[in-house]
Amino acid sequence: MGKKTDIFKKERLSLNEIVLNYSEKNIKRFFSLDRQVYEDGALPKKTKELLGLVASIVLRCDDCIQYHLIECFSIGVTSDEISEAISISLIVGGSITIPHIRRAFETWDELVNNK
Amino acid sequence: MGKKTDIFKKERLSLNEIVLNYSEKNIKRFFSLDRQVYEDGALPKKTKELLGLVASIVLRCDDCIQYHLIECFSIGVTSDEISEAISISLIVGGSITIPHIRRAFETWDELVNNK
Amino acid sequence: MGKKTDIFKKERLSLNEIVLNYSEKNIKRFFSLDRQVYEDGALPKKTKELLGLVASIVLRCDDCIQYHLIECFSIGVTSDEISEAISISLIVGGSITIPHIRRAFETWDELVNNK
Amino acid sequence: MGKKTDIFKKERLSLNEIVLNYSEKNIKRFFSLDRQVYEDGALPKKTKELLGLVASIVLRCDDCIQYHLIECFSIGVTSDEISEAISISLIVGGSITIPHIRRAFETWDELVNNK
Amino acid sequence: MGKKTDIFKKERLSLNEIVLNYSEKNIKRFFSLDRQVYEDGALPKKTKELLGLVASIVLRCDDCIQYHLIECFSIGVTSDEISEAISISLIVGGSITIPHIRRAFETWDELVNNK
Amino acid sequence: MGKKTDIFKKERLSLNEIVLNYSEKNIKRFFSLDRQVYEDGALPKKTKELLGLVASIVLRCDDCIQYHLIECFSIGVTSDEISEAISISLIVGGSITIPHIRRAFETWDELVNNK
């Protein structure tokens, strides 16, 4: 896996430790829920990760976008599928999402070319 | 199809006529793009409508939610699939989406019980 | 309690029943978390309801605002306290919050004059 | 002036009275600032009302949109100018703004046909 | 006070000078209002800083979060109180706030361990 | 043109190439629309760039703000006009926009002092 996504994953782990140090019980319960909603169910994990990706783009959160792109890549989502999911995000969210979409494709390009 | 979704669809059509009366060319081009991104492609229409639904819930737009629920229903998305897509929207978007989720399930219930 | 807040509470209960009918387990768990974070703890319930109110105003959700105003009123928050919490919401969130603030004071006025 | 904009203006005045009843000094100061930023200056009032309109559309506030449309109409902004300002709002804000744009053109149509 | 919060405060001061150079009178008046709403009143400054913190988290502004955490720390807000305020922000704002909450706890940890 | 805006423009070009590599047709069509809405029409390009600037500030997108400031500077918008457009953005969007406004004036200052 590429450089930027490597750094991202290390920082995420290290910050999560600080979060756990200070978090009261409801924060921990929420983090647990946040894992469970993406598990296979009536909808497959692949669709759910794409739902998480589109939600993250229209709400314009770079870290969340990067996280779901890494997940999508690891379960075999194709570049064409990513491109179509991003086109929906762009139409729904407008040009204000473009800077995030630029960085999303940069991350995706790194993932694709380092596998 | 149920009462509220009927009224919604009539109002939408009648307002779209006013929009077309006043719109310059770029608005019309955008409306055309807005239809095309949900068509079958690398991702099936069903997945795309669910992507549109989740984007609409986290951005909290009742009309957009209602539109995508009607589309989802018409192409055979199940209640379990809707429920899982909504649970992702709720976790990503937080409790501020709950009033919209209440109205989403109300619309879905009407669609399911009048088919 | 006044008319509008009465209608609000009835509709909320009736919609919550539909939500429960269709909700999978993670939605139900979230609803439970949503109750627990406002309970007395290191911060008193009163402060927490004001936190919920301000979050609801800057995110511009009328139903959420109305809910927290009813809670605030029922535990004895004063009009001066509400006014100061709303002034922070207005400064943080800007003039785009004004229509919601108008309706918030309308709800508060109804609560105060029907007690 | 048309029916819906008439009702809008009456409700706005009546709610503003309740707001003034409960507002502490900083809210009143903000309301005063909110009037002053739209006055003629280095930029003419017309440009400023269009800036207010576009900001209101991308932030998706129907009341704010309606207010700025009424102001724009009263100072002679043309339908072509409104249409181009709305097309920028649509491209920046995406399809999530469409329901608000429908209602915006409905309001504008009422203003144009009742003058 | 720790390193990151030190850098943050220096940059903020230096940028504020540029802002004052270019700002017309209404911007200056707003900056003055922005200070006054957090002063002791019917609600104590401590509650008001927590209101500012929660508003900043749900609107996802790292600089604003950092500012209010520094203020909270300087007036003796405890880690348990911060954790409960953050749990409300997380429930209201959803998982999209998590990257900001990670950085918030990182800032808080720095403040606590360098006092 | 100054340093930061230079780096910004280079990165933008390099990322746009990656975007084009992966984009399906609807993304490309949107990018084309995104250029056309700012062209001279019933409203002059200058007004349209100011509309784009204000929309970018209230939606809080640093890259978009920087882009429109560069465009505004290149077509002769004055510092007084920028300041008034920013004051409207601040009043509409609230204090949550201040960190973006600080960086906006920093960019503008660089543009003005390096021409």
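Worth pointing out:
Every chain is named by a letter (A, B, C, D, E and F) in the order it is written, and numbering of its residues begins at 1.
Everything that follows uses one rule, which is that a contact is a pair of C-beta atoms (placed from the backbone, for glycine too) under 8 Å apart; a residue touches a chain by one contact, two chains touch by 3 or more.
On a predicted model such as this, the values are computed, not experimentally measured, just so you know.
Shared contact partners of chain A and chain B comprise C, D, E, F. Of all residue numbers used at the contact between chain D and chain E, over half are used by both chains, marking a mostly same-residue interface. In the CA-based superposition of chain C onto chain E, the rotation angle is 180 degrees, rounded to steps of 5. Interface comparison, E-F versus D-F: the pair with the greater number of contacting C-beta pairs is D-F. Between the Cα centres of chain B and chain C there is a gap of 27 Å. Chain B and chain F have Cα centroids lying 31 Å from one another.
Among all residues of chain C, those that touch two or more other chains are 24, 26, 30, 33-34, 37, 41, 55-56, 58-59, 64, 80, 83-84, 87, 90-93, 95-96. Partner chain D is touched in their complex by these residues of chain E: 24, 26, 29-30, 33, 36-37, 41.
Partner chain E is touched in their complex by these residues of chain B: 58, 90-97. By the touch rule above, chain F contacts chain A in their complex via residues 12, 15-16, 18-19, 21-24, 26-27, 30, 34, 55-56, 59, 61-64.
Put simply, chain F touches chain E in their complex at residues 60, 79-80, 82-84, 86-87, 90-91, 95-96, 98-99, 101-103, 105-106, 108-109. Contact residues of chain A toward chain B in the complex are 33-34, 37-38, 41-43, 47-48, 50-52, 54-56, 58-59, 64, 78, 80-81, 83-85, 87-89, 91-93.
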